[in-house]
Structure formats: structure tokens, C-alpha cells
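Dumping the structure here so I can ask a few things about it.
Chain naming follows the written order as A, B, C and D, and within any one chain the residues start at number 1.
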């Protein structure tokens, strides 16, 4: 049986990949995908720990996380659409009318 | 630890096989450049326009709707799993079993109705249709 | 009163009423999507939020959450994952009040706006989330309620679809928000991993060693994991409360959003963030015991965050040109003040400092909402956004400007107004906590310094409004009823909360005692 | 009379209501607030008389109404709690004073109808509001039962005088006079405040009367012979008494803080009447009478009071001699007369001092109102050299004014004679044993001559002779509202002396010293605050010349002689139809006197030569060091601000990076702190 720590390492790796994506990619959609990656890292954890602790809480929670992720994407895509309409671009570094 | 060596070896082999095949193919094949080879394949039709077409915004709308409602159905599964046991159990009344899910579905229905009435599922009109509408 | 004759799930009434209101608005919009019956829409939203407020007040008065020993009805567990106690009701009241105020104000702000029904239903939906946050006592419900509050907020900030500022604000809010919630959820997964539970009480039992974690391992082995998880939770809440370092969205989101929404986010949303913060940290990670597991008490983190947040918010606000942005930064500063409520807790006490933070959030709910609504009024007039543009408004709209002066002085903490008292209690509470930890002395000192600095920029606005001469070219200013009503109510409350401070203090201290003690 | 006292607060409340009414609704009221003021002061007068009757029937009232704070505080004599409260003390002295104050205030209000309303003044609501507040403050001060409450209303009285003296604030002189009055009296009050604090810290109580009073505590402390703050108990009582006396000297315009009073003539004449006769200036002397038990414990303080009083009496009288403005003459006469009261109190003549306070209130109010009437007659001309001949044209004004003048000059049998003579008699009998008091007595006696002179100079110049200006030839008529108060006060000026015919009593050996009995609590009083109780405390030896009757005769004869000779000299010099000025004959002395002994000049020099440079140094310190620090801090803050806000670059990716960086910094910091690594 594979120890739970490997799952944690895997999830952390996925989380960090997502994080790097957030920090380096300028396309709003990629940003969103990277965040999804981070959420999935959390899901890995939850499932692994649910198995480890022997209760279903984590699995159910993962279900909720997925639903939330979907809702978030829905709202996010809507915002990205109006972003494109206003700025003619989906680059997140373009809108800088407000700063300081 | 030995298990891990085996896994590592397997991974290595798994990586080498496709790479080797690509290498062999590269060495053996004749090179005959031809434009139709580079063209986009569209089920045998002659391609029109570039690959980077802009999709109609309605694609996103439908995709969003699909995404949201699709994911919501995932919540039905745990309920469905527990349903039979719950119905047979004496401790829980039928209302307590069905009520929450009916409420959940009702809320979803309100959402769907809203999206529908606000034109989210209505396919966008082409310019020609708009013209036709205004002519009438 | 006859609380017990009601089923227990009705204890969530304030939140459920809001939910029903939101659904009713959606249903209405489904039936007639192109209706512009603003009276009906706004009226429904106001009625819903006022009913929610009334029910929450009624529950408080009826003694829901008051310990049975004191003649109350005790804490009620309406359903799995929720709890209705004094803390929950207190913050439900704040949320409902702010919602009512901004809905009333929005009536005028939204003239000629295309998405009336959507706007109101999203506001009420977000309020539902915030109200649920107040009662959530499991990480699952907390997350769902938090997202229920966040997602409509993203959309609301960006609701002016053709306004680049609004869209940009929405984008930034959404991106930082999604990143923060990813961190938050990951934190939850780590806490779950370390303890095997998501209910706060169950987590606390594991942390204090009363029960074993699900897998039977010793909790101290997982100390690092739990510590990282807790820090990530702090991150998620810091986003919601606009605290450093998760505050970056706030200046832009508040500046770009429609002003009523800025008011909503900076008052209600922040308060909701704080109630979850208070509940999670006092209930799930009991002080003293947590130190043995992760190596330090989490108050240290909040001391650092409070100091940095206060300082950054106030310093950045000092030299702003745009009034709305100044208020946005000052809102960050006030989040820092409220954080003192957690920083000053000790293992065996701290109701005073936490109660003070809660009082501050209530008073802040009025004065900050009022201030942003004044900005909404200015946007309605179209006078511009900088301090100079506000010059001499008092000559043309003395009532609203008097109210604004009240808000500014109250925010700065000048004696006759509510803001002074809550800040004073915070200061006293911080000093009291300093007996346990000398770092709290620094916190108290920073509080004073920042208050002094804040007086500078708040009074700058008062000076612009009242003392400077108005530009000759300004037209007559309209007097929109709804906005005026909301502003005046907020101003009156900011003032009368002073004579009525006794009950507020009692309520806040009781609520704080409920979770601390 | 049961329950009369429960209405006592109303006495002060009426004028307060009038103040509010005049301020808020005055603009729309028919007489701009005058009616409200008259009604209120009239009601106060009725209630005061009721209190007087109640006290006469043998009751007194001492009640704490509201305690605004109380707590633990260790005081020097060992009391460990202290409370600050509002309370009412009505004993014979307070009851008498209440009647005087409300009567004068009432008459001044009535007079104002003719003086202010009829003359078409603007800002009348403000005027009547000021009068109302003034009356309220003074009445509250009078029946205050503790020193702190007295202090508060003492200050309020000062504020009201500021408001009313500066009533014509558009002129150049009135605001400056108001400021001067305020500042000079504040200077005295500063010491008063110190005294209040010192007494509170020493005895842990500020009550005037009762077992808990600071007077009783001081007496006990002196009897114990212990030390208070490192001083002998008596020395310490002297020090605190002198501190409180600072306030008295300022308010009662005693040397050297008298300079504000002549300038205060810039206010409306009615206000002058109120200030001089019954409120502000009287407040100082009343305070000494109120806490006379405390001063009686310290012979040093008493001697100082007596000497200052005697000196001021003479000093001010000489200045009054050369003034041309009718109000100025009266102003200096006020200073002089209050000097007499101080002299009387200082030599232990408690009854005499209070008696003179009462008589003076009547005749000085009369004189000022008379002067006001003259000013109305003269179309607002105040220079006596432009008057003359008003005797026949305004007989009511003339005869009442003459009654006041005779009382002021101390001519038998007018009221002023009886009280002044009693003061001088008391001074004389003490002076026979104490050389310092003898000197004070001598000055007081000499002042009688000058008083007679300047009073009749004023009368002659104003009313006698030929009219010397057009205004005097054709005086403006005055109405009933002016005449009525004059007549009332005129009668009182004539007959008030009956209250205490001490010389007659001593010579004829009949018991007609009603006021003495009154103040002695024979009709009703509080034990520790009676004349006889004070007499026991006094340490003065008294002497007589051969026998008491002879001494009485000598004292009375001397003062009468001097008064008559002063009046006679005035008659000789100024009773011509066309009187001429005689100032030149005084030579350089005249110049000195006319310039008020350069009192203003030296005080200005003190202010400009000493205080101003000091203030400049302080200001320089404030500007450079303190402000520099503050400015530096604010500059640094704003610089920091402009730096801090640069973090917010506007690029959301940077935010994410900073957010993560901040999070990692927190993680590392706490990790190190918690020992994770």
C-alpha cells in the first residue's frame, strides 16, 4: 500500500504547477486553468486522506469542491468575456487603468 | 526499494519505445514535401478559412450552462446511493428523503428557467435573420 | 418567547429568508425578463433584507444562543454544519442591515441600468452567503457559504459591463479570489488530512488530544501539515476580509465597482469574513492546545497581520487622489483594526478585545457603508472622483455632506461618534492583552499612530467638502430619495449608536464570550 | 413653609429657560425676548422672596442634588473618598443674596425695555439671552453648596460678562474691552482654580457648610497642629485661601486686577448695572463672605484682604475724581466701594461687609440705571461736560439719582452711610490694636472724602447749571420702563439702611440690628456659617477709644465730616451755572491720576515686555522642535505613503506574485518561530 505522504507530495507538486501557471501565464484562461489545477491538487489530498482516515467526509467534500470549481469557472468565463469586449484582449496584465 | 527500481525501469522502457519508434521512422521515411499534406483535414472536404476561427459567443454560453448543470447532477449520485436504504429505514420519513433533493432540483429549475427566459439557450441570430426580422 | 415551538431549522431564518428572496427575484425575472419594474424589484429586496434583520433581532431578543443558565434558549443546531448562537445572530444583523442600506441606495444608483433583477438577486444571494457564513461551523459549510458570497460578488463588481473600470475590477477581484479560494481549499484539505474531520468541534477535539484522528495517528506527528493548513486558511479569510497580504484586490475592486457594491463588499463581506475567522480560530484551534501541536499560537500570526494591515492600509490611503480609492485603502486599515480582536486573544480570556472588534465591525457597517454611499451619490451627480472634484459640495447638498462629515469623523475615531467607542474599546482591549504578550503593546501603539494618520486623510475630505470653494460650473445637484434615505439612516445610526452603545457592547461581549469562553 | 425649598432649583432654572427661549425664539417674539426675561426674573424674584421667608421662619436648606462623580482619592488629611456634586445651600446669606440678585436682574430687564428696545437696538435676542444666562449663572453661584460648583458658575459669570460687554461687537473698543475683562478675570481665576484643587486635595471635600465642609476640616486640622503638604496647617490654609482670593480680586476688580472694570463700560449701561450691582463684581465679595469661616482661620489672609480693600477704596476713589465720562466715574466708584466691602470683611466685619454689599447693590444699580436714563436723555452722550441742567427737565431721574448719590457718598441717613460707617467702625476698633489695619482704615477713611467729591461733582455737572449742549437743552423723553426701576431702587437706596442701624443701636442701646441677627441665624441658619460662629474663629483683638459709644461717635463723625467736606468742595467748584474744569490745578499729579496711575501701561508693559518674549520663546520652541518633529513625522508618513502605494502596480499577475511572496514570508517567519525547520 502506498503511504499517504506520496499523495500529499503529488498534490503539492500539482498545486505548485498550478501556482507557477498562475504566476507566469498572462492569458486569463490559462490563469483559470492553473487555478483549477490547484483545486484538483486539493481534491487529490481530500480523496487520499478520506481513504487514509477511513471516512467519507473528504470524498463528499471533493464533490463540493468540483461543483464550486465549475461555478467559479462559469463566473470567470463571464468576466473574461466582458473583459475581451472592453479591452479586446484576454491578457490579464493589460487592464491597468487603476493602480497606486 | 526494489519495487521502485522495477517501476523506474518500466518508466524508462515506456519512454524509450515511442522515442525509438519515432527515431526509426525519421531515419527510414522518404521526404516528399507537398502542400496538401500540411493542409487542415476536414473530413475530406476542401478546407475553408484558417484554423483559428472565432467561435460564436453562444458556444461559450451553452458550454457554461452545460458545465454548471452537468456538475450539479453529480450531487444526485450520493443521494441516489443512499436513497434505497433510507426509504427502507423506519427512522427517516419519505419527506426527509425526498424533500431536500426536490428542493435542490427546484432551485436548479428556477436557474434553468431564468437562463431560458433570458435567452441563454436561444441560438444567436445570424445577420441575415436579423435583417429578415426587421423587414417583417 | 415561543422559539421552541418552531422547528429547529427555522433558526437559520435570517439566511433562509434572504435565500427565498433571491429565488423570488430570479423567478420574477424568469417570468418577465424585460421588466423594469424597479419599485417591485427593489421593494422585494428591501423587504427581504428587512425581514431578515427583523427575524435576527427577534431571535437575539428572544434569547436564541443565550446560555440556558442565563434564561436564554441556548445554542441551536439547526442542521448539520450550522450553529445559531449569539455570534451568528450578531453578524446576521450586521449583514442584513448593510444589505438593506445598499439595496435602498441602489434604487437610485441603478436608474437606466439593464440588469435590475439580476443585480438585486445577486446582492441578496451574496447576502445569503454572508449570513450563512455567520452560522457555519463546519469547514464544508464555511466553504460553500463563502463561495456563495464570493461568486455573486465577482459578478456584481463587474456588472457595469461597458465600464472598463468595473470590468477590470471584476477581473482582478475574481482572479485573486479564485487563487485565494484555491489556497483556502488546499488548506482545508490539509487540516482534514491532519485531523480527519471538517466540523470545527471535532477538529478541536482532535487538536486538544481528546479524541484520536480518524486514522489513529498522533496529532502532533501531523503538526507541520496542520500548521501549513492553518496558515492557508488564514490566507482564505484574509482575502475575504481584505487583509494583507491577500488585500491586493481590494483597492481596485472597491474603486471600480459600482459604489453600493463597494459599500456592500467592504462592510458586509468583510464582517462575514471576520465572523468565520473568529469562529474557526476560537472553536477549532483552541489557544494553548494548538501551540503544543504546531509550535506556536496563531495569535502571533494575527499580531503580525494586524500590524502590517493597519499600517499598509492607512499609509496607502494617506496620499490618494480618488476618494473611492482612499476609502478602499482605509477599509484595509479597518480590517487591520478588527484583526486586533484575534491578535489579543489569550487562552483564558479576551472577550473584551474580541467584543471590541465586533463592535467595530457593527459601527463600521454603518459608517463605511454610509461613506461609500456618499460616493455613490457623488457618482450619481457625476461630479468626478478626486478630492478636488468634491470641493464645496456642502454648499449644494448640506445634509448629505453633514452625514459624510459624520462618517469621516467616526471612521477617524473622533469622540462623539460610534467609531470612537469601538476603537477605544479595541485600544483598551489591546492594552489588557498586553499583560499576556508584550507584542500587543506594539499593536496598541500602531493602532494609535494609524488612527492619527487616518485623521489626516479623512479630514482632508471633510475640508474639501465643507471648506473649499465649489467650482463655478457645477450644475444643481439632484436629491435622489433612496440614496439620501440610506445615507441619512447610516449617519443617524452612526450617531445614535453612541447612546445606544450599552446593548451593543453587551451583545458583542456576550457573543465574543460565547465563542471565547 | 414646608417644601418651599424643593422649588429652589427653579430660581436659577427660570432665567435659564429665558435664555433658551430668547436665543431660539427671540427673533419672532414681540419684544425680542424681553418678556421672557422679565417673566423669568420676576418669577425668580418671587421664589427668592419665598426662600427668604422660609429662612426667616427658621428653616434652611442644604441638599446635594446631583453627584456627577465620586471615587476613591486619598487627600492630605486622611479622607479617602471625594465626590463632586451639584447642590444647593440656602442659608440667611444666600437667601438675602438671591433676593438682591433677582431683584436687580428683574429691574435691569424692565429698564432694558426702555433702554434697548425703545432705542431700536439690533441683536436684542442675543442681548436678552445673555442677560438670562448671566442671571442664571449668578443665582446658581449664589446658592452653590460647594466650591467647585461655585467655581464653575463663577466662570460662567465671567463668560456672560464677556458676551455682554462685547455686545456691540462691531465697534472697535467693545470687543477689546470684553477680551480684556475676560483675560484679566481669567488671570485671577487661574489662581482660584489652583485653590479649588488645593483645597480638594487637602481636605477631600469642597462643601461650604456642614460637618463635611472643608471649613470644618481646616479648623480641625489647625487644632490638631499637624502638617499639611509640609506646611503648618494654618500656613497652608493661608496659602489656599490666598489662591482662592486671586479669583476674588479679579472678579471684584481689586487692585491690581481692577483694570478691566473701567473698560467694561463699553457694554450697554444696563449690563454695567447688572455687572456692578449684583452679579459679576459682587460675585467676588460674595465668595469671600460665603467661605468666610475659612478666611477667619487665617489672620494673615484677613489682614491682606483688609489692606487690599482699603488701598483699593482710596486708589480707585482718587481716579474717579478726574473722569469726565459719567459711566467712568461710576466705574471707579464701584471699584472703590468693593474695596470697602473687602476692608469690612478683612477686619472681621462680616455683617458690615454683607450690609454694604446689599446697600451697594441697590444704590449702584440705581446710579447706573440713572446714568442710563441720562444717556437716553442726552441722545447717547456720556461726557458730563456736555450735560447740565437736567434737574428740571427730568425730575424723576434727578431725584432718584440724587438719592443714589447721597447713599454712595455716605451721607446720613441714606443707606450707604450706615453700612460704610459700620465698616469703618469695625476697621477702627481692630486698627487700634493692629497697625496694618489702622493703615487700611486710614485709607478707607480718606477715600470717603474723595467719594463725596466725585459723587457730587458728577451730580452737579450732570444735573445742575445750564445745559451745555443741544442734547441737554432738548432731552429725549424717557418712558415708564425706565422710571419705574429708578423709583423702586431710589426708595431702597433711601431706606435700606434701616436693616442694620448699628450706631443707633449702640448709642441708644436698642435692638435694631436686624441684619446682624439675620446673618447670625437667629431667625434660622446653619450653625457653622453664622456671624457668631465666625466671630469665635476670629483672632482679632479689638480696642475702643475711652468707651464704645465714644468710639462709635468718633468713627461716624469722622466719616460724615469727610463726606460732607468732599461734597462741599464739589459744590464749591462745580455748582456754577457754567462750571469750569479744575484739573489743571492738580498739575502733574492730575496727569498721573488721569492716566489711572499708569496701571494699564504697566500691565501692558508686563504683557509686552515679559510675557510676550517668553511666549515668543515658547512659540519658537513649539514651531521648531515640536512642530518640526510633527511635520517631520507627517512628511515621512506621506513619503512612506507614496512609497507604499506603489506596491499596487495595477498588474494582477504582480499581485498574485506579491500575495504568494507575502504568504511564503509569513510561512517562513512563523515556521522559524514555531520551530518547524
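FYI, a residue touches a chain if its C-beta (ideal position, glycine included) is under 8 Å from a C-beta of that chain, and two chains touch if they have at least 3 such contacts.
This is a predicted model, so every value here is computed, not measured.
Path length between subunit A and subunit C in the chain contact graph, taken as the least number of steps between touching chains: 1. Across all inter-chain contacts, the pair with the most C-beta pairs is A-C.
Between the Cα centres of subunit B and subunit D there is a gap of 95 Å.
Averaged C-alpha coordinates put the centre of subunit C at 58 Å from the centre of subunit D. Averaged C-alpha coordinates give centres for subunit A and subunit B that are 18 Å from one another.
Per-chain CA centroids place subunit B at a distance of 38 Å from subunit C.
The set of subunit D residues that touch two or more partner chains comprises 645, 648, 650, 652, 656. Touching of two or more other chains is recorded for no residue of subunit B. Within subunit C, residues 171-172, 175, 179, 183, 251-252 each touch two or more of the remaining chains. Across the assembly, chains come into contact as A-B, A-C, A-D, B-C, C-D.
On the side of subunit A, the complex with subunit D involves touching residues 19, 22-23, 26, 92-93, 95-100. Those residues of subunit C whose C-beta lies close enough to touch subunit A in the complex are 139-140, 143-144, 147, 151, 154-155, 158, 161-162, 164-165, 167-172, 174-175, 178-179, 181-183, 185-186, 188-190, 192-193, 196-198, 213-215, 225, 251-252, 255-256, 325.
Against subunit C, the residues of subunit B that register as touching in their complex are 107, 110-111, 113-114, 116-119. For subunit C in complex with subunit B, the residues that touch the partner chain are 23, 26-27, 29-31, 33.
For subunit C in complex with subunit D, the touching residues are 171-172, 175-176, 179-180, 183, 223-224, 227-228, 231, 234-235, 244-246, 248-249, 251-252, 294-296, 300-301, 304-305, 312, 315-320, 329, 453, 456.
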